[in-house]
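In the two complexes below, chain A is the common chain; its partner is chain B in one and chain C in the other.
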Partner chain A sequence: MKGGGFSYWRRKTSNAFVTILFSSSVLIVLLPLILIVGYLFFKGASSVNLNFFIHRPAPVGEHGGGMGNAIIGSVYVVGLASLLGIPIGLLGGMFVGEFPHNKFSTLVRFVADVLNGTPSIVMGVFAYTVVVLPMKSFSVLAGGFALGVMMIPTILRTTDEILQTVPTSIREASLALGVPYWRTVLSVVLRSAKSGIITGILLAGARVLGETAPLLFTSFNNAFFSYSVTQPISTLPVQIFNYAISPYRDWHRQAWAGALILVLAILIVNFAVRVFSRQRFDQTV
Partner chain B sequence: MAAEIDDIIVSERSRDVQRKTFIRADNIFKAVIGFFAFLVIVILVWLGIQLYESSQLAFASGGIWRFIKGSTWDPVTGVFGALPFIYGTLLTSFLSLLIATPLGVGTAVFLAELAPKWLKRGLQPLVELLAGIPSVIYGLWGIFVLSPLMANTVEPFLMDRFGFLPFFTGYPLGIGFLTASIILAIMIVPFIISVSTEILSTVPVPLTEGMYALGATRWETLKKIALPYAKSGIFGSIVLALARALGETMAVTMVIGNTPQISKSLFDPGYTMSAVIANEFTEAASANYLSALIAIAFILLLVTLVVNAVARWLIWRTTRMK
Partner chain C sequence: MSNSNDINSGIVAQDLKAFFGNIEVLKGISVSMQKKKVTALIGPSGCGKTTFLRTLNRMHELARNASIKGKVIVDGTDIYSPGIDPVLVRRKIGMVFQKPNPFPTMTIYENVVAGLKLTGRHSRKELDEVVERTLVQAALWDEVKDSLRKSGASLSGGQQQRLCIARTLAVNPEVILMDEPASALDPISTAKIEELIFQLKDTYTIVIVTHNMQQAARVSDFTAFFYLGELIEFNNTRSMFTRPQKKQTEDYITGRFG
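What follows is the complex of A and B.
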């Protein structure tokens, strides 16, 4: 043992030094967050007005215009994605959560995690080959498919985790009353896990709401208001991307405004989820 | 009397029937939800097959290795080699890990071991927020804020001080490998933080308390107990972040300069696998071109599958000990 390493003074200073080092890493990590949110408000807020929400994009050189069609498009595509993602994620998660300790469930869980880590652009290519190519057209359907597949693992894993936290005694109480197992799961277990599951679904929705890469060549883009599922549609993230890489100052302003709205929407969902799950926590305590 | 007994028998029998329907209903229920769980596996297999089949055209002349090793990407003459993109993806991913790992692990240690509870509860949502900001918004910020900063301040400074190194030569454009890596680092750091914090919180309290009782400082406890215990899990979180970095698309596309070249200088513009798919997919006019892009997606899928599997295994190995 080195005598010097155990001197009181030296140990204290190295402890203080390391504490400062770790604390400063927090500051460095949070700096970009502050800068990004700051810039969003600084650059975006001035271009957000009523026109932004109700108008479609104006042609180059013409002042004004908005992202009304892109906002509707985003809601449309995410809504369609939910139709695919929620049932598969929820029911699959019910199986994995109710029968957690067998090889099949372990495999499903692993595959869901791997699917969750698959790059979103790859999901876009997947949707392109299975939806766009056969239909011979970019469409809302293709975008919804890509985002829906991305929602599945998130919803499955949160449902899985929540169901495992539901006490076995609740299930046993229901079974002891003569309620069949399927009924027990649907009306007793699911009910007590309800807010957790809704949280998972909302978070999955918020996550795919901001996705751009899988939509570039599935739902593509559209300069007009469109409501057909077989037609391409404009979405907020894709619109932001197209405007950001354009050479026009006016479009840059619009991009910042769109980004601000997108982040606010995601923030609101996250905040709602937080309040929601805290409520649940208060009730059980 | 006999009638009563009959009644009882009948009701017993009907209860039996009822129970059988119950069991049948339960089995049907189990089969249905099991089927939906199975669909997840189906989707992954389907994804793999679909991409593999669609990329056959690109592998037709000389196979997958020739495609990977080809350093020329020229859609006009129909020559497709993926090496510049693989180089760009690997370079930016590793560089971003180099930046993000110390910051992420440092923050995780701070949150898990050093911060008072109220501070931890305040900071964790912020870290989650950092993870929740869409990629395209990082890209937007990258183009209009980070890139000018890099071109005017950071890159000239690096050239001035470290210009003798081959990585810091060339012209400070503000778009290129270095800017892309910094954006990537900002984006992946929350993954390292959240997983590592969770892993560090699985370190058994009696072990650390024993260490404190022996008079050890916080740093000594961390170094001797917590970090060795959480080592493989923290490593797992870094590998998980690597998987994210490899596949990250929009932000990188917007700041890397989109030039298929293999350059030593970090200031030079480059290209990544995901960026070339994002940029050129809708422009791919010929079947060969499209197939080459899908082939890149297929390779990206394979790489992230392996990296993710390794990460999950490492994390599972640590949390299982709990």
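What follows is the complex of A and C.
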């Protein structure tokens, strides 16, 4: 076919123009991530070694040392946060998702959205008032509480949305078999929504794993390996913060390494989410 | 009409009205459907036949703002009388939907036994037996007996619908309601479903909604014609299709409207 007239070329040109516009937007979105991860590797990779993972911080002037205690602390605090955030978020999300038109559900959804948008430092102050002050001590418990409260709205809203995507026909199929409603929700609806809900939980965990502000005055910091829930504990973000604002070269290097590990951990969780949510039932036959 | 004491009556509706909010979609239906017979519900889109079907196993009330008035008497009991558990009603009155809806996360085997497993405990042997029996009944056994562990969603549309029928049979209902069970299927699958209905009526009372006049004529013993939320005519199928009593019925079955 011969080339068309003016309108043909106009269409071709605008197509090329818009394609370039969209692709460059994608690049602009990707660029910060690539730069951040690249720069972290550049600055931090050289300080990541076995010692970094198994040792506690060394005193100023002494070489070596690591963030072993902070890594354990982060896992500890996020684990505790999950104990609070997952059940409440999940059950709340199930209620809201199953009774979407209920007035109470609308209220809960609104509150969850507001909570989601609350600055994390406010969560820290809240946890400080509710847990640290009465206990008269910074603690793992307080840090877990702060992060747990932050996980609730994220998990609640993803569960809510995922449950609403489960088709009515699936629920009706179960109900028409004489399966009670509660059983239908637990065994049929939840089962269909499983991967989406787990995705929501993992993302909520990954999000709070990187939180610093709420931990500054809840779990605080600790130079030693500590396993008591009533004691302050070191966490990766807080440790990075402390090292980054210090005047020491060695500590800066450690902070870069810590930041690299933290970002990698979050990336890994995100990748896990991708893989997990892509898994489809029928491939397992 | 008060033939609720009629020994042949499987399902009797008495002045049944159904609503969505304030909109009355069924305007007082009274009809008596016989046991172990196939009753076809026909009528143009929006005439209330599907709503009527869904009132028969209390699925109607699941929709938002949906309500009903009147009685539906199944084997002498009004399923809408207070104290009747809709869950138990649905166990006795199964339903096959327009679009095949196997549970997507379950295998063929799990799909068939879902109703049993989710409502009580059963031995493995018992379940195996039910799976084979109902899949044979649903004319699907030969096609899937070697792949019971495959996803129910991996089957073709027609197979999925027969799987749904097997799943309905597995809970051992007395009545099977079918909402245009073949409308989403190709002619060969449709023929299989129709043949199946023919065999099932020895054991079950069947009420089937259909848009397809020939289908109604082929599979049913009785036909009910609905129009604008009212039951216009109810008769045995042969008379209905050869000598309709009402003008509207005749117009509809001869294809003049709808």
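In this text, the second predicted complex is superposed on the first by the 246 of 285 C-alpha atoms of A that agree within 3 Å, B and C clash if a C-alpha of one lies under 4 Å from a C-alpha of the other, contacts with A are read in each partner's own complex, and residues count from 1 in each chain.
The criterion applied here is as follows: a contact is a pair of C-beta atoms (placed from the backbone, for glycine too) under 8 Å apart; a residue touches a chain by one contact, two chains touch by 3 or more.
Remember, predicted model here, so these are calculated numbers, not experimental data.
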Touched partner set for A:Phe52, first chain B, second chain C, both or neither: neither
Contacts of A:Val188 with chain B and chain C, given as first, second, both or neither: second
First, second, both or neither for A:Gly92, with chain B first and chain C second: first
Partner chain(s) touched by A:Pro180 [first = chain B, second = chain C, both, neither]: both
Chain C-contacting residues of chain A that also contact chain B: 180-181
For the chain A and chain B complex, residues of the former touching the latter: 11-12, 14-15, 18-19, 21-26, 28-30, 32-33, 35-36, 39-40, 43, 87-88, 91-96, 98-99, 104-105, 107-108, 110-115, 117-126, 128-130, 149, 152-153, 156, 180-182, 185, 206-207, 209-213, 216-217, 220, 237, 240-241, 244-245, 252, 255-256, 259, 262-263, 266-267, 270, 274
Sites on chain A touched by chain C in the complex: 101, 167, 169-170, 172-181, 183-184, 187-188, 191-192, 194, 281-282, 285
Parts of chain C lying in touch with chain A, wherever the complex brings them together: 57, 59, 62, 64, 87-92, 94-95, 97, 99, 101-106, 114-115, 118-119, 149-151, 153-154, 164, 167-168, 171
Contact set on chain B toward chain A in their complex: 22, 25-26, 28-30, 32-34, 36-41, 43-44, 46-47, 50-51, 54, 102-104, 106-107, 109-111, 114, 123, 125-130, 132-141, 143-145, 186, 189, 193, 217-220, 222, 240, 243-244, 246-250, 254, 274, 277-278, 281-282, 293-294, 297, 300-301, 304-305, 307-309, 311-312
